[in-house]
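Take a look at the structure below.
Just so it is clear, A, B and C label the chains in written order, and each chain counts residues from 1 on its own.
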Amino acid sequence: MATIAPERPRSQKLSEGPKPPGRERDRVFRWVTFAAGVLVLVILALIFVSTVAQSWDWFSTRGLSTVFSSRWSPKVYPVGTPKAGQAVPGTGFGAWALIFGTLYTSLVAIILAVPLSVGIALFTTDVGPRWLRNPVGYIIDLLAVVPSVVFGLWGVFVLATPIRNVYQSIADFFAPIPVLNKVFTGNPLLGTSVMTAGLILAIMITPIITSLTREVLATVPIAQKEGALALGATRWEMIRGAVFPHSRSGIVASVMIGLGRAMGETIAVALVIGAAIRVSPALFSPNNTLAAIIAQNFGEAQGIQRSALIGLGVVLFIITLLVNVMARAVLSRGERRLEAGK
Amino acid sequence: MTAPASLLAPRPGTRARHARNRIATLSIWVALILVVVPLVAVIGAVIVKGASSISGSFLTQDINKITNGQKLAAAFAKVAGKQSTQDGIKPAIIGTLLITGLATLLAVPLGVLGGVYLNEYGGRSRFARLLRFLTEVMTGVPSIVMGLFVFSIVVVKTGFSLGWNVSGLAGSLALACLMLPVVIRATEEMLKLVPQELREASYALGARKSKTIVSVVLPAAAGGIVSGALLAVARASGETAPLVFVIGITRTTNTNLFSGGNVALSTEIFRNALSYGSYATARNRAWGEALVLIVIALSFTLLARLVTALFVRRRAA
Amino acid sequence: MQPTASQTDIVESVSIDTPSGVENGIHLEVGNPEIFQRDDAARELVFDIEKLKILYSGVVAVADVDLDIAAREVTAFIGPSGCGKTTVLRSLNRMHDTTPGAVVHGKILYHGEDLYGSRIDAAEVRRRIGMVFQKPNPFPKSIFDNVAYGPKINGKKRKDLDDLVEHALTRAALWDEVKDKLKRSALALSGGQQQRLCIARAIAVEPDVILMDEPCSALDPIATARIEDLMAELKREFTIVIVTHNMQQASRVADRTAFFTAELNDAGKRQGILVEYDSTNKIFTQPSDPRTEGYITGRFG
């Protein structure tokens, strides 16, 4: 057993003695992590700059009127001809119909997904039997792992054909009702339609809204819930009186983030929406979205058409960016309000 | 005024309140069923239809030219008959694994370092808060936009692009861009859970900050970070939109990510479903590929759960 | 395990260990006030603190602290919660450098050198001035790796680590309990063992001073007694500064005691101040300040 303490340089001055190693490494490491952090900013800036540059031809040809024109009939002169890549006269590259299609399908998806998501989130926090709460959470997370293309595959090969009959019955039911008969109508030749896309999107965005909502609901103080129950409230009254007011802005933000996902979702929609350009409220007719049309047409696109498709990407990027930024704003305002109330 | 018969007797209106409560509870159960049913339907369809496509040769052969539309006439003969024994999806399996693998190698180290910056150096500074916000924003960027971005900066020949042509690498870059913010967020969340006392214990022994982070903080958070990264990998392995026009195509296995076209399970499913959906062979291929893809994505998810479970158990010990 | 038996273990294992060069004279004369005068040549000063003032995000946490701490003594900081005793302790090894928003004013001389001087490396400061924390905080690594961590980062050779670890664990009176399970997780140890492991970890880098921030507040009385015994042994080699809530503990282990309290300052904010600093004996038997007397007799705090 060691019995003598090793010599310690106790008398050596701090400023002169040997320093622990790694002083340089410390500085380098800090800069490396900083660079990795800044990468996010760089990539976001590059996304914007590079896609705008590639779509500049499209923007600059007809300016904003291009974005808000609803005529999309892309024809360009093929490779090998003198005017290769240029637009054939009379061709339209308007984005409006696709912006409409994007907003409409995601609206349908949100309307379907929000009650489901909030319901399941409540199930896992307050309503479900305790032993079932975690398994349900796992199952919903499992949904998030199923690839988009698999949902699309199922939608087009399994769901589309039988659901035509359902659409037909709904359309028949609403036919005599004014206004609504313009919405609940359409011609689902192959079962591909706004509604089919909305259904598939709703399943796909349910996990993200559910998990974000669960996080919000978990922050409701137990004292408030028990307080409500102690006053004789039923569970539903407790949820309405104590849970919802506390988590309203969080739920709104979760829904907006889900909306952003729905608008950007590409492959599943590309397979089930049916690729038609129209500004129409008909739920059961084919339509198209910004993201889907890029995936459908980009492979063969040349010249101005490719530029236009990248331009549609820029439009999509800006819309989703706005939705996400608004979601964060709602969230941080809600947090501030809660903190101020404490 | 007469006294109520019993103090505990229900007051007027109570019956309606309880009815509302029951209706609400019932609706929540219905919501659960409405979501579980499609999930079961999708996974069930993939298993049932996919299993009949899968065979030894399906997993190990190259992709048959015929079903990719080169000689459709020849394919008609096979539509009714049995599937060509030469038809397989090996190039797509290899492509998915390699492209996702390289994306992981790019995104995980950078994402962990970025998360370290946000939590260990940036803290509550204005700049760190901006980066945190941008990371959130970046998780919301649609995957198709990432594909367009990589196309614009790596593949295309005009503008300020690298002009490298389509390749597996371009696909990896797009997936890495999607994974990066997810890994950063997961890392930061996990680092937040590491108790400050551990950092101080290390500082008190003369350790510098970088040493403390590398030797104490990151190992303490490793389980959570690995699990978060695996979930990001699971998600990325199923992505289609960012790959579909940046990796090109091949029918034979291409293990070189840096040159030549490549192929992934997800893009193969998309192509088969979009263009050749009316041909039974293409449809069967798509289901088979979907089953393999789901198995891959699920394995990463299960692995993530396993790591979390082990990590929690070690913590508790 | 029987506490009495293991306490004798400690005494045995450490008493062999006494280095020859230590001036043993000082603690014999505890209670004689003259020996503690600043100009006394027999006292080797480790810290000389003048006009110390520490702020958190612009708010003064503690101010006007003047004290000196001598080598191979146990100095205790006592006082009610919020009086700044831990804040002062953490300024002695520049731990505040790691907390954003903390600012240290005034002068702390360490063996005559300005601890916060521009040429001083904070990592070297912390190697020489070790710290044991309120809650035992072993790394989630093996017992061996916990003790070996410090020597390893300070450039000790891999082949020397076995001896260093054994030596440090022996001096922390933990070796006999853990020698057969060095590869096991440190988190499997009891709270008291974890705290002694943290002391071993601190000793392993051969510090000059050990700062202890309420090291026993999370421990039961038996584990506390063992740590106190250990302190009495460690003081032969190390200078120890301990923050404690427990007045009995201060009176048992400390040679000198500083009493801090919190009072309203000119700005109307609570701020810590040093009230009285003297030999432990004098602080507890004839304090010169009524506030000290009030605290130790339990009238407030």
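The working rule: contacts are C-beta pairs under 8 Å (C-beta built on N, C-alpha and C of every residue); 3 or more make two chains touch, one makes a residue touch a chain.
No experiment lies behind these values; they were computed from the predicted model shown.
Student: Touch graph across the chains, line, ring, star, complete or other?
Tutor: Shape of the chain contacts: complete, all pairs touching.
Student: Determine the chain that sits nearest the middle of the structure, using the mean of its CA atoms as its centre.
Tutor: B
Student: Roughly how far is chain A from chain C, going centre to centre by Cα mean, in whole Å?
Tutor: The answer is 55 Å.
Student: So what's the Cα centroid distance for chain A and chain B, whole Å?
Tutor: Result: the chain centres lie 14 Å from each other.
Student: Taking each chain's centre as its mean C-alpha position, how far apart are chain B and chain C in Å?
Tutor: Using C-alpha averages as centres, the distance is 51 Å.
Student: Residues of chain B that contact two or more other chains, please.
Tutor: 206-209, 211
Student: What positions in chain A touch 2 or more of the other chains?
Tutor: Those would be 20, 22-23.
Student: Which chain C residues touch at least two other chains?
Tutor: Residues 123-124, 127-128, 153-154 of chain C touch two or more partner chains.
Student: Please name which positions on chain A make contact with chain C in the complex.
Tutor: Chain A residues touching chain C: 1-6, 8, 10-11, 13-15, 17, 19-23.
Student: Within the complex, which stretch of chain A touches chain B?
Tutor: The contact residues of chain A facing chain B are 20, 22-23, 25-26, 28-30, 32-41, 43-44, 46-47, 50-51, 53-54, 115-116, 119-120, 122-123, 127-128, 136, 139-154, 156-158, 203, 206, 234-237, 239, 257, 260-261, 263-267, 270-271, 291, 294-296, 298-299, 309-310, 313, 316-317, 320-321, 323-325, 328.
Student: Could you pull out which chain C residues touch chain B in their complex?
Tutor: 93, 95, 98, 100, 123-124, 126-128, 130-131, 133, 135, 137-141, 149-150, 153-154, 185, 187-188, 198, 201-202, 205
Student: Contact residues on chain B for chain A in the complex?
Tutor: 17-18, 20-21, 24-25, 27-32, 34-36, 38-39, 41-43, 45-46, 110-111, 113-114, 116-118, 120-122, 128, 130-131, 133-138, 140-146, 148-149, 151-153, 156, 158-161, 177, 180-181, 184, 206-211, 213-214, 234-235, 237-241, 244-245, 266, 269-270, 273-274, 277, 283, 286-287, 290, 293-294, 297-298, 301
Student: Spell out the part of chain B that touches chain C in their complex, as residue ranges.
Tutor: 123-124, 195, 197-209, 211, 215-216, 219-220, 314-315, 317
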